[in-house]
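Provided herewith is a single structure, encoded as structure tokens, for subsequent inquiry.
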């Protein structure tokens, strides 16, 4: 695995637990590498804590290590280099989103994945929210046609991370490293979720953005924002449905407020990540009782991924979606199947994001 | 009062109760007229039921009746004719929204109101949701600067009225009578609320719409929709804040789902009409406890309009906002003040709607 | 009507609106009397405000007035005297709960009602929460057997009225006038709701109570409480179901927190007054989706009392249940039927309360 | 560890992750034993899946294994035997609740723990809900006196496990193995939570119970219940506060519905396990805005246990409380401190349960 930041930590938790929970015995945590800014001691300490047997200090050493899979959790601007090198070296790749900071980068990654696939080497992009049980159940219901024709999709991803004057900016505020602001960071998840749930990649026709010039707690100078902090976007699906998205990282009191409502001609689905074990699913009028809001507690044994966890009613947390992601990835590799979503899927999302970024600058 | 449909009924309830609740004794229900399609018997029956002393059968008779105020609750396409005639005859006018089906009509109405005002005759437009206690409280908090700089406004108005195949279309589905679809019907309220709460009229730069071609329950023929049923819109305020609106009248299970979130640099306000007695108001981090979602139960005696109703904790219903509207209107007329919002305010909203309608057709 | 306090105000609102909403034309507001502590000016002012044509200043004058119905909204200790006199004088009586401060009083009232009924003169006790639309719908569902055998009933009524040091105590804190504390005031509603919904009068076997000795804002002396402020009670129905009730008037942040959950072998119903337009109704497992929490928005035209109010989705408020109560009462009287609940029902509730009060002192 | 059932699985997950999350490196998963009904193959398979290095097939072998700690996750009737033997052999013990099926058993266990403590060997009982972050935060707030004097505690634990006719009864339905029904299973948690949060062991004066005689799906014979399925209990704290508890394992649609409300003279705390990351904390009136319901999202770095998990806003799941439990246990052992809650605490809870069981049979 490459990367020992927050994502590295969550992915380590996921790899560490996937075998026990999925009931397999062929997952071993081998080598881990840090980024260019991480000290050797930090990498060693991280490896010890999470059970990686071999800390390495250069990405090339990671690629050369005797591993089957490389999981790329580094900042966006290194995704392309590591993924392409790993695929060429015959390693299966799971890469964090967004694929790349540029459309060109994403295209080169997809091309490398396509070439590798001919040799049975696979790549997948980490749109992890697909694996939240309620989202997976929503997808099942939509695939069964329970919503009729989709008419309107409304999605949001709101955080407050850049409001706090005491919290220093991370690489995500740097245009060079992150590529864009809230669009690449949060919008990427929304575009993937809309595409995943409806089966259609949205065309986002209009995007408006705003920066948030903030001040540091101890620094009267305004910290200018290099990237957009708020965006509102409208678009449509090929089938005619309208799509609305809004995203912010300066939304007071919103921590990880990811939500999506899909309105169809026959039913509606609503999900919000703050209540990851609940899915609202409503279908038309319910006899004399009129319209009834139905909330499904997604913890039954028959629900996605629940058999492996606890008893009905006992919710799983944020980390579990990552366990599902690496478990599904490993199962596909084990079976010789291509895991989903593919780098090609990631590229399609990137094309939508690119238009949003360009329009938002207009 | 002109109009004996649903709005006529609610306004009758409002006029009937305003004097008792506001504690005044100068409100008498005098004459009521129906629309061109209402029978004399229907008007008589309506008048008897709601306590209007004199049913009349032509609008001109209403204008000639010895009344101080004329309340216009007829379909949109007659607002201009009745309001202008009433103002010229020296009657104060309270007119339902939207002002008119055309920008020209709204301009003529505003001009008539302006001329009447010089004679001390006043006109007001019925944006009733301003008078829901939680919205009035939200406005107070925003006027006190509790939210800091406004960064993002997100508003929705979703209904399901055109989904039910058993429910025949009303005049609201007719382009000729209603002027537009969901934009004039529901969007008018959203534009007014955004303008009212923030103090700035939004510029809506992008609007996308979709019709909903539906089938009648007993009629295999598709009922083509003459007007838009869904719209998603994005725009901004002069101060730089982004504004997002979505509206639909084919949203499964949404009945009167009007909601608005205002995100500022220091706080957030969220309101939804389904819980009209609750206002969410959050301000930054709350010491060691982090971000705390605060829900205000807007039923204290110190809260807007609550002194006149029940005890703390006992919510009021939909009809009460109309009581507040006519009570406030009557109080302004009694005091010789111009009631708010004015026809000029209505015209400004109409200009925004006009752009949304035109863009939505593009 | 007797009584010009809070209940007098709500009942006036109810009588004033019942004819319009129920569509009848035989309800006239005639005479109103105050209590012994109300000045003549207060009664005159109240009558003028609410449209009572004749203010009277002695209860006997009210009984002598040419009215069909007398509505008793005075403090508890005068219920017996006024009701019995009114029934003897041939007036139908609607009396606020609880019937009386003593079991003997309630027995005399029930006897007077029984004697009057032989002359076609009827009496009813004002358990108004039966007429909240969601409760009426719950009763319909239970009568249809949708819950199977009832296993557990859990009910609460929590307020904070005696916590506020700035709010002076009313007659409700006086043992002499109110008879008991929270048991008679709030518990009466709970006992009636349990009996009404399940069709069985509960036997409450154990009651524990506590007073709340508080201090006035400007008065360092402790205001000793003459009556209980908190009570927890357990009991059962003849069918074997367990019943749990808790009530308080010193519950921080609870205003009118009346709630009831009924668990049956096949389904569950949950209601809370803070959201008077919502009823939760769940029935066992729902196929592959497991247990689904279903919330009914009780505003459809087919729902109880909704035809007369607004459009689906537009909730009614606290006052509406009182409109339903007097409208149903008037309809029964008009049809020569006995209105429900009867004084006999009230007496049965009083017997349960009596045991709770006695046990609570143990 | 002893026990390879559901609790064995959750505790394995906890031990497996505690070192990584707490940042220690001295936790190794050594031996695991099954119960008398588990096959050797089942134990081997469980050990392999969860990473226990040595499967053993007799409890004595577990006690003889070179371990520091023995975690007892077997059915209730073996808790005493294993715990006492382990303590005598110098192993620290973490034992699942309830301590024992009999008061005598619990007393012997507490005595053994007391004797072991003199040799520096410690025992703790697994009341895991103390370690849910929102409960831990509630405890902190109460210890700081934020609620004033406690006036009323209302607690519930409702499940539906015995309603499903397709779900066979487990050992929990057997009087011999489980000792009691819902009181020992769910009530034990409630009694501990009330005692933990308020710092006072409640005296439960009245308990009423009911069994639920159900039928199997394919078996027309009624499965008689040997133990109580529903209980309602009332009691008090030494300080005078009233305490109400209700519990059921036949509550339609309730899965793990554990909830507690603590009302004090100055504030209120409400928690429900279905939303484990949220704590409601209200304090009196909030200036002009009246009473404000405040919901704390318990995911800030400053909140209990959150530093080790994800980012603010990303909730943790059911398993995490077990991670906290074993992490806290290990930290105490490491430091030579007695972990909490002790067997003495468990015995005190058992005494309350004993009275509830006896009263409930009356």
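Observations
Letters are used for the chains, namely A, B, C and D, taken in the order the chains are written, and counting of residues starts over at 1 for each.
In the analysis below, contacts are C-beta pairs under 8 Å (C-beta built on N, C-alpha and C of every residue); 3 or more make two chains touch, one makes a residue touch a chain.
For clarity, every value in this text was computed on a predicted model and none was experimentally measured.
Two chain pairs are in question, C-D and B-C; the one with more C-beta pairs in contact is C-D. Centroid to centroid, with C-alpha atoms defining each point, chain C and chain D lie 41 Å apart. If you average the Cα atoms of chain B and of chain C, the two centres end up 35 Å apart. With touch defined as above, residues shared between interfaces to two or more other chains in chain C number as follows: 254-255, 291-293, 297, 299, 312. With chains as nodes and touching pairs as edges, the resulting graph is complete, every pair of chains being joined. Within the complex, the chain D residues that touch chain A are 6, 10, 12-13, 16-17, 19-20, 23, 25, 48-51, 159, 254-257, 274-277, 297, 299, 309-320. Across the interface of their complex, chain B is touched by residues 151-152, 154, 156, 158, 160, 163-164, 205-210, 212, 230-236, 240-244, 246, 248, 250-255, 263-268, 282-285, 291-293 of chain A. Interface residues of chain B facing chain D in the complex, by the touch rule stated above, are 137, 281, 286, 288-300, 302-303, 312.
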